[in-house]
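In what comes next, subunit A is part of two complexes: it sits with subunit B in the first one and with subunit C in the second one.
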Partner chain A sequence: MASSTNVHLSPAELSYLHTSLSLNPPIRPDGRSPTQYRPLSAETGILPGTNGSARICFADGTEAIVGVKAEVEKTRRRWDDDTIFGENQNQEEGEEQDEGEEQGSSDWVELTVEIPGYRDDDSGTVFLGQMLCEALLADGGFVRRLRINRRFHWKLYLDILLISPPLSYPLPLLSLTTHLALLATRLPKLKSEGDEDPFFDDDWAAAPYLYARNPTTKRVTERPPVTLLVMAVGGNVIFDPSKEELAVADVVLAVSVGDDASSREGGMDVDGRSNNSGRNLKLLSIRTVDPPSRLTPPGVANAANSAYGHAQVVSTGANQKMPEARQTESEAVEGVWKPPRGGAKAVVMGALVQKVLVRGGVADEVLDALEGVDTS
Partner chain B sequence: MPLDTSTYGLALLRVDGRRWNELRRIHGQIRTQAAADGSSYLEMGHTKVMCVVTGPSEPGPRRGGAAGGASGGAGSGGQSKDAEVVVNIVIAGFSSVDRKRRGRGDKRTLEMQFTLSNTLAATLHTHLFPHSQINISLHVLSQDGSLLAALINAATLACVDAGIPMTDYVTACTAGSTSTYAANDEGADPLLDLNHQEEQELPGLTVATLGESDKVVALVCESRVQISRLEGMLAVGVDGCKQVREILDQVIKAQGRKMILEGTVDKGTGLNDMDLD
Partner chain C sequence: MADRRRINGPPGATMAPVFEDDAGQPEIKNGKGRDRAPNIIRKTFLKTGVTPSASGSAYLEFEGSSKSGVSGLKLSCTVHGPRSLPRSSPFSPHIVLSAHVKYAPFATKQRRGYLRDPSERDLGTHLETALRGAIIADRWPKSGVDIIISIIEGDQDRETSKSQGDETWDMMNVLSGCITVASAALADAGIDCVDTVAGGVAALVQDAGEDSTPRIVVDPIPSDHEKVLGACCVAYLPTRDEVTNLWFKGDLPAADAGLYTQLVENGIQASRTANRVLVECLGEATS
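== the complex of A and B ==
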């Protein structure tokens, strides 16, 4: 994070930015409204060699490509699973399988992020990858899709490439691209039955999507999660911040939301489009992201710094000796930006999450927009 | 996967139906990426490569060789008189048939980076940009043979797009020979532009030349090959490079024409007689 958001702005410029962002309504440097995303162009299925792929270009020129590859892997037997094969087969058909069988494991998904110029074990890159992976694995619903039978599962490799130099914090871009790539992912059609060694149909046209389409409307019924970057300046909540805006953020959150399809199953097929506003958003994970300001240690005035020969500052007499030194450290000077100190207010955090999840809010809007992308 | 090369002798057609001197389809695009100084996208058959050039710019803080590039110009961290060409190749995990993850320290990747940065440092006019750095990052999206050649061609396109002065186009191509054993010397044909299958099975080399001349700027051969066949392979490769140059030239001229028509750039004085249709 710190390294990818080096902005060279003076304290005066930062202060100007901070003030204009904390106005009501906030004025953003690029003239967007606080909830507006950067315009983007997207395409899917660009790489025929993958199971699913997508490419997104943001208007500021940042670009990412995601490719999904799947392999069949043998499921490791759990130590406490003492059922014998064959014994259980009959009851599997009829009734719901026991809970242990239905569950997947988080190592069925492997996600890597490549950012040019950064090592793949750079802390920022690893953190990005973790945040994206976490959203996928959060409710266990995703890995359940990868199950083939009791003995085999799909192992999904998600490779995320940032093509452009990292101009802004690439989390929203990478998350949206991953979302589209997963929507476009198809796995070969299974021909074998039960717990046999899996055998697949070699007709790619028959391959079903990982996220199933509604046969009549051809629309996706359930969608992978998206991770949104939200920040707060003063009391204002701002979505999809640019690099400059991030530099003056008080709080930055990465909020992952999923589309909870299970709770609206009934009405879904009947009234396709209008149902969208009734999307039930589900909060999957929240991460705080350290804005650059948090990583800057606040300066200590020379007068209060023991390294400058003022070791006695800690003693009781110091306060009377140098009252002005105390003041300069705490007092905010008009027009000069100081990194915020202390944690975020609980109210602000609540408001951030609320803004994301509210019906018809930004998450809804983003999911609606992504629905417009042709993923077939 | 063993390749049955014996069928070549029957119809003189290769596994993908080409003759010995035919290139695969080459499709190039420049200025694909708005945020970069120069960018390109190149397909050679099923090998797909993207290139992004940043710079020449002030060298950033060095992260302990993190950029993974070999320095083109002599010098320590931008203090040299020549610009440093830093090449960074990312081979996507999904690029090959079986997913293979290559780390940063992969020796083959490092060697390609080194070859590329040396080749480009010799061709770009790096002496015009002292104390600076030219960052070239390449992304391999799909690979089907002739990877190094595709990377060199893509880097050339992107450098032209970035407007970095250079001597001429650096174009690359691969060449191979139809049989691996010595006995069949007369029957062996040189082959142009190997695909992945042929690359696995047959001896091959990658050659890069400068513009329309026969000057070879890079030559990489990683397989055993009969010395008597080398000359033929090289001749075919150099000839292929000229064909590639024509194609890249078309790509750049098409883009230039488009930019003039759109009014992005002014029509130069010498261009009045140029045929703009």
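== the complex of A and C ==
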């Protein structure tokens, strides 16, 4: 599993990390502020053979490429769809059908994740793929874009490749790259009308973007979702944690947020700049990521360690039979690492989510930063 | 002019007949609805020790809906271990937990293959996260435990032939059942846990009808409602008041944080109810 790749840190190092991350303000190993992302470089449209592509390289050396390919596919008909060959439909039924078919279906999108060194059916890889797919399909708005007419739709293949070895949990990287690739995706311009077999304009320059641009400002009006990785440690909330930080996390959440453009239309200024402050975020999905801290080795306190002059206490009954049990049941000692046990309070999880969604918070910042990337 | 040289089939396609149930009252079918209070989960049957060859096992069944054609969820879980890790595997200071969730090929409307598909692997990962928080892992260094859940019957409405995308919401119910049954089987196997973890689902649903407002219900059956707007599955440890796994899916405006909190609280409430069933079942097994 990608999140729990063994970090080779000793209990003493883990304890040091945990303490410094629990300080107020926390001190992160790479000197970032708690809400700061790793610096990254991004480019789009790097693969000429795809409908849209993007590449992001994080400063720590992890790099991902996403390619989007589209195919025309026949829409599977449902049993109650009695408008086969477009005949025998009375007017009101026809309208109802239209409304129903606007829905689209989740199997119009196929997303695969490839992480070097892991099998593609590895549970961690599958988990990542499902998480990214879930956010994309959550509101049903995305698949609606793929509809061509009542008989055909686009089938979109999103192939996510991590090029570098997974030096940290790659979720934020993959999510941001997918976001940019989708923004850069263009589908050929449709020339046919109605329910005819689709026929496309072969001028690639005329191809419209999957996410439409505002014709005057050239800005994207709606945006795909992003998934943020956020963790809590000792009362602090830390965004975009690195591998070492994840190793001492109390709880790790992956939160997907989308940009609710429909409610923003009204508040748009004449110059189209108002959306930086007035972005309406929506919560699409939350998943708990199994924190690798649960798999770290525990430290042994000096008081319990016979190598440090501690005489073996002659204890009674069960304790004597199970030395390990005695050791692990000892209460927490300052400076001795103990892997977290149990879960997290619902309030803590709520606070994490709140911190992501708050207006002008990290999700806003990330979306703003992504707006700066040239996707044309 | 029609082609007369060949024997042609009837013009237009034919469809296999679909019979309406309760032929007399089609409006009841449309006004399908939930017959439980919003905060009541379905009746649950849970029994431990059903598989003698495994070190721990449990069987769980949810009551089906009052509507005909909707069968309840049926899960069977076996726990193998704790047993020593194979010699080739590296040292682990903790118990190595692996969870497999598999639908029986006949469990759902659409046949499932024998290989686990991504959604099943995904369920397995969620289950692992939920259980890892509950197990006291450092009491068994160098050992492993396998948790295998087979879904004998998924709760799906077999009467609705159109795919409404209910499968995605069904996964939540299945996961909550998996968590509860795995917890019972772990207790049956005698593996130390900080508490019995149980799963609960809460959903924000929209009922059929013009003037219905979205409301929150626990343990939803997606086919009972017009639309599910969002759902969350919570794995909860009642005595520690902690959540080990939270899975939320849906489309909620961020401005309305209260809605999210309410959903999670209702999920916790559902899981508390499931936990009562679990504790009672374990009590019966030991007495």
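By our rule, the second predicted complex is superposed on the first by the 319 of 376 C-alpha atoms of A that agree within 3 Å, B and C clash if a C-alpha of one lies under 4 Å from a C-alpha of the other, contacts with A are read in each partner's own complex, and residues count from 1 in each chain.
Following the convention adopted for this analysis, a contact is a pair of C-beta atoms (placed from the backbone, for glycine too) under 8 Å apart; a residue touches a chain by one contact, two chains touch by 3 or more.
It should be emphasised that the depicted structure is a prediction, and the values quoted were computed from it without experimental measurement.
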In the superposed model on subunit A, is it clash or fit for subunit B and subunit C?
fit
Let me test your reading of the model: by the given contact rule, A:Gly350 touches which partner, first (subunit B), second (subunit C), both or neither?
second
After superposing on the shared chain, does subunit C or subunit B touch more subunit A residues?
C
Under the stated touch criterion, which partner chain does A:Gly235 make contact with: subunit B (first), subunit C (second), both, or neither?
neither
Based on the superposed arrangement, let me know which partner A:Pro208 touches: subunit B (first), subunit C (second), both, or neither?
neither
Which partner does A:Leu167 reach: the first (subunit B), the second (subunit C), both, or neither?
first
With the two structures laid over each other on chain A, which partner does A:Gly61 touch: subunit B (first), subunit C (second), both, or neither?
first
Could you look at A:Glu71 and tell me whether it touches subunit B, subunit C, both or neither (first, second, both, neither)?
first
Superposed, subunit B and subunit C have a smallest C-alpha gap in Å of 8
Set of subunit A residues, in rising order, touched by both subunit B and subunit C:
none
What residues on subunit C touch subunit A, complex-wise?
12-13, 15-16, 18, 92-94, 116, 118-119, 121-122, 124-126, 128-129, 132-134, 136-139, 141, 161-163, 165, 168, 194-195, 232, 234-237, 240-255, 257, 260-261, 264-265, 268
Using the touch definition up top, name the residues of subunit A that touch subunit B in the complex.
47, 49-50, 53, 57, 60-63, 65, 67-69, 71, 112, 114, 116-120, 122, 157, 159, 161, 163-165, 167
Subunit A touches which residues of subunit B in the complex?
33-36, 46, 48, 50, 52, 54, 63, 66-67, 88, 90, 92-99, 101, 103-104, 135, 137, 139, 141-142
Seen from subunit A, its contact residues with subunit C in the complex are 1, 78-80, 82, 84-85, 87-88, 103, 105-106, 121, 123-124, 126-127, 129-130, 134, 137-140, 253, 257-258, 260, 263, 280-290, 294-295, 297-298, 324-325, 328, 339, 341-346, 349-350, 353-354, 357, 359
